Amino acid sequence: MTEPFLLKAESLSIHRQGRTLVDKASLSLQAGKVVSLIGPNGAGKTTLIRALMKLLKIDEGHLHIKEGLRIGYMPQKLNLDASLPITVLAFLSLNQKRDEHFFESAEKTDVRCIFERPMQSLSGGELQRVLLCRAILKKPQLLILDEPAQGLDVNGQAELYRLIAQLRDELNCGVLMVSHDLHFVMAATDEVICLNQHICCHGHPEKVSLHPEYLKLFGQQQAANVALYTHHHDHQHGVHGELIEPCNHNH
Amino acid sequence: MTEPFLLKAESLSIHRQGRTLVDKASLSLQAGKVVSLIGPNGAGKTTLIRALMKLLKIDEGHLHIKEGLRIGYMPQKLNLDASLPITVLAFLSLNQKRDEHFFESAEKTDVRCIFERPMQSLSGGELQRVLLCRAILKKPQLLILDEPAQGLDVNGQAELYRLIAQLRDELNCGVLMVSHDLHFVMAATDEVICLNQHICCHGHPEKVSLHPEYLKLFGQQQAANVALYTHHHDHQHGVHGELIEPCNHNH
Amino acid sequence: MSLSNPVITITNMLDLLLAPVLTGIFVALMAGPLGCFVVWRRLAYFGDALAHAALLGVALGLILSVSPQLAIVMSCVVLALLLSQVRQDSQLSADTWLGVLSHGSLAISIIAITVAGAGRVDLYGYLFGDLLAATYRDVILLGFCGLILAAYLIRYWDSLVCLCLNEDLAKVEGIAVERHKVILMIAIAFVTAMAMKLVGALLITALMIIPAASARMLSNGPGRMAVLAMSAALLALGAGMLASFHWDVPTGPSIVTAACLVFMFGKISAKVLSQK
Amino acid sequence: MSLSNPVITITNMLDLLLAPVLTGIFVALMAGPLGCFVVWRRLAYFGDALAHAALLGVALGLILSVSPQLAIVMSCVVLALLLSQVRQDSQLSADTWLGVLSHGSLAISIIAITVAGAGRVDLYGYLFGDLLAATYRDVILLGFCGLILAAYLIRYWDSLVCLCLNEDLAKVEGIAVERHKVILMIAIAFVTAMAMKLVGALLITALMIIPAASARMLSNGPGRMAVLAMSAALLALGAGMLASFHWDVPTGPSIVTAACLVFMFGKISAKVLSQK
Amino acid sequence: DEGKPKVLASIEPLAKIARELLGDSADVEVLLPAGANPHQYALKISDLARIKSSTLLIWNGPRLEPYLKAAVAKTAVAHINFHSSQGGKASALHEDPHYWLSPERASAMAAAMAHHLGLPEQHIQEYQLEREALLERWKTRLAGKKLAVYHDGYEHLAAPFGFEVLAAVSAGEGKGISIAKRLKLKQELKAASCLLAEPYSEAERAKLLAEQEGLKLVWIDPLAHQAPEPFYHPWMERMMSDLSGCFEDLTER
């Protein structure tokens, strides 16, 4: 791939309170590519992407970021203090002109009808939509989304996935997304990174889905059946138990 | 159904700041039944269930709760202040004996390996697991879960759904769950309530999924295809636009 | 500036200092766990607001000729009740509410004092108090309060912690959240009011928050934090009193300064521990 | 208790009161928007901590023979820098940090004053100030500060609001979060320090938080809250000064009391409005 | 009474000096209300107006009454304080600022006032005679007596009447004392039999101390809040009689 990277991390490690949260993770993000980051709960996904945006101190490794890179970020959770009164419209307009693109983005993320609501009284899904809208408003060169589908209703989820594809195609924007939705990940992303403190495996979705580490993490049945939610299946358990075990394969 | 209700609401209405958030909702919950509450973002689901637990003031209507009802509640979001240091184990042990059932519940929700972690540093999914564990610790007679699958990894989700079925079967516990996962809702619940400020339709999953209101809310294609996440489909839009429209059918 | 006079004997000191020391110990023991709740519920300036409410109480007491001690306790309890009511309104954070109530009552009390023209009310006696003036009567009274407080805290510890973590969860689990919140506020207010005359609002507030803040950095559980806060308060008390003896500095400020040193020490050791 | 002397009219007093009134207006205009940031960032007791830091500055200034005004401004700025550093440590909430720093500096300054043997430093002159002593030099100085502050706030308003809402989002969007946080703290500290000598720490703090808290209840946007806070502060100033003139009560407390009345009025009208 | 000069005194004792000297020839008013603490006071608008409209302001000086400094400058009122009446000695900075308790300084103040208002010399002479008579009467009875004071501010009273202040308890309003100081006090107070204390804010503490150390309490009202006497010398007389009463009681016992 000759296209220059937007962001490149070389063997990042992050330690906190004597634990290693991210262990020598390397990755690079390019314009026009959708990369998704998967992994079990507590794998360090949020930690890693926050480190990529310099929101956390990196303990080891290097991070190269293209100069002047515009990032749109949608955090996994956001606490809003009630003492600052602000409506959705005012929030979205902070440092932002209300031009055509503005209303277009609002339309796409379905927030026009809640413009006048105070931010603090939004429901979980409404807040997610507003955050998504804010993230895409600046015509970002890189979009970083932390479990964006969480809390969205079915229409919202479909719209989200459509939007990601559209942004990639129209703005040639790079996307890094954390998701637990393996179906979407496998169907619609260009590269999958499977994280479990270290990067277990990464590459094209088809390849990753056959990788032994991937199967170990998510279980063969799980990986195939997860969307069907038969609650009678016997699934393999112990993902968390394995989290603390060392990884004994090369990659 | 002759079984006595655990909780019964009669035309509850909740108004805030001049808006009607919940409009004359009636429902009753019984032991051994899994009821799921669906509806678009901002439909008032969280508001309704919080009102059922008396966490919100009810403006109109009546609420009957079985005396001494033990409720297990898993909120949609939880802000933990960093100034109170507490580990997962200590949190789970508050007002709770560490007996066999305790460790069994921890095992089921996969939180044993994070017992020693401070609550404030948990990842989103880990926190969800801990909250779920706390909710089932008390052998509740009624379990109220607000988007419990949110943030859980694939194994966690499967485990959650298995757990709900098991609790219903073993403890004869009533369950009220908010979910955006229509597949699970249709497959595994006894009753579906479709909320959009007022209760649009309710009843057995098969019936609801054919109900015109349901189809109007979620869109015919959406409802059928949501899990396949083809991002090229043309989906019906405008759910939010419709939110404010009056409902002109009887129920 | 150490003592030049050799005649000061231990027995001489004992009858002067025993009551103050015992008072100090009881106050420190109560301040430790209560301070944790103060820190958890973001009420660091509750003590300050109480001092000003007390002043208002004294001023009104002068006008209505009520005894000052009674007026202080009454007005502190009223403030606590008021605050636990208004905090329902979550648009304003706790510190803002405290700020409004505290400055408001100070201003009104100054006006009341001016208008009543009633003698000299010591505006700031309540801020510093005089630990050395403690008597055995005070010791007994505080000891009694301490016992009741200890019984309450031990009995309801889990519920109180749960309430501080998340009120909604606590309510659903059947904990009488409103009642405990009010009791907790009143307990803090009552202890502060009782101790104010002796150690001053400055010292009692500082003895609540500084040891609790120090303990926070070294603890991983609420119980441990309470115990550490108690120990830190006792340590600060001892060190402060010794310093006051050795370097001839005022007792109250000396204890607060010792507490600050304990805090800094805690911060440094927490840093060292976390880097290991 | 109205004035016995009929010769004294407002016009008669104009040359005496013009500078104080202008000073008050400038302080109120600055306190409005800054107070919003104080409320948003949970710094309600910053002013109190600054007053105590100022006292420490004065005490150290006495020992090192530095001019008090300089010592006050210096120590306030140092406190602001210190606080913006330590707040990174999120284990303790803002109010706890403020409590520790404020009580600590008060205690240390009392000891410093005692040790330096520097006679009577007026502990509470800084709490009340003397608005009536303001001169035209003060007016010009404050007006100048106000202009710079206004320019900064207007230029960076959106960024500052964004920062107060969520620091992470602001950082990712390219706002220089750390720099703005420090500038904001120093601006608040500087204005407080400048105003302290004139209106006292009590009044300046109260003029920051009470109008902002009143404005919160009636506004749905940050800009509107700042403007309303400004108006509320001006209203309180005017009403307070008039009351002080009419009923012959001290000016500072009278203004604070007026601010409290504005707050109560705001609360009631917010309730009425929300029920409509 | 249009033509009468208006004299404004910062505190009641100063007003007593003025009244004694001026009698009916001037209106004498007090600035601080009864109960206000002269160390810390915030001027009201009406205070400013009264200062502005007075012919002469008499006050203690910026060390005791810092809040008057700016007001004097602003209103440009004619004024006399103990500093200016003494010609502003350099050593004055480290002195006890409770000047009004000194009969000596009171008469210097009276003289300055008389000069300012253009009163005949005779007035001043009468005033000074009264002062000397007062000192005569009490000096012998109080000379060499040892007592403790609660508030540190009686240097000016002790020197002319010849009694000795053994120890001062309070370092300043509400600041509290050190343990070392308290223990030292215990030693020092052994030689004293009387404790001089003011019936103001720290009255309760003074009572407790007297009880702990077995001292006899004498209440003294240096700000003349409760004093019925309108003039300076009778007021002093009354204070001295209260003071010596303490020692006389002791000898009777």
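In this document, chain identifiers A, B, C, D and E correspond to the written order of the chains, with residue numbering beginning at 1 in each.
Heads up, the rule we're going with is that a contact is a pair of C-beta atoms (placed from the backbone, for glycine too) under 8 Å apart; a residue touches a chain by one contact, two chains touch by 3 or more.
As the structure is a computational prediction, the values presented were derived from the model and not from experiment.
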{"item": "Number of hops, subunit A to subunit D, where each hop joins two touching chains", "value": "1"}
{"item": "Maximum centroid distance from subunit D, chain identifier (CA atoms)", "value": "B"}
{"item": "Cα-centroid distance, subunit C relative to subunit D, in whole angstrom", "value": "26"}
{"item": "Chain centre separation (subunit A, subunit E; CA means) in Å", "value": "77"}
{"item": "Mean-CA-position distance for subunit D and subunit B (Å)", "value": "47"}
{"item": "Two or more partner chains touched - positions in subunit A", "value": "17, 79, 81, 83, 85"}
{"item": "Junction residues of subunit C, two or more chains touched", "value": "39, 42, 91-93, 96, 114, 123-124, 216, 247, 249-250, 252-254"}
{"item": "Contacts with two or more other chains, residues of subunit E listed in rising order", "value": "40, 171, 173, 175, 178"}
{"item": "Pairs of chains, among all present, that meet the touch criterion", "value": "A-B, A-C, A-D, B-C, B-D, C-D, C-E, D-E"}
{"item": "Contact footprint of subunit C on subunit E as seen in their complex", "value": "33-37, 40, 171, 173-184, 186-187, 200-202, 205, 208-209, 212, 225"}
{"item": "Of all residues in subunit A, those that touch subunit B in their complex", "value": "16-17, 39-43, 45-46, 76-77, 79, 110, 113-114, 121-126, 128-129, 147, 150-159, 161-162, 164-165, 180-184, 187-188, 218-219, 222-223, 226-231, 233, 235, 237, 239-241, 243-244"}
{"item": "Residues of subunit D that touch subunit E when the two form their complex", "value": "3, 5, 7-8, 12-13, 16-17, 110, 114, 119-120, 122-125, 128-130, 132-133, 135, 241, 244-245, 248-252"}
{"item": "In the complex, subunit B residues that touch subunit D", "value": "17-18, 81-83, 85"}
{"item": "Subunit D to subunit C touching residues, read off their complex", "value": "1, 39, 42-45, 48, 91-100, 103-104, 106-108, 110-111, 114-115, 123-124, 202, 205-206, 209-210, 212-213, 216-217, 247, 249-250, 252-254, 256-257, 259-260, 263"}
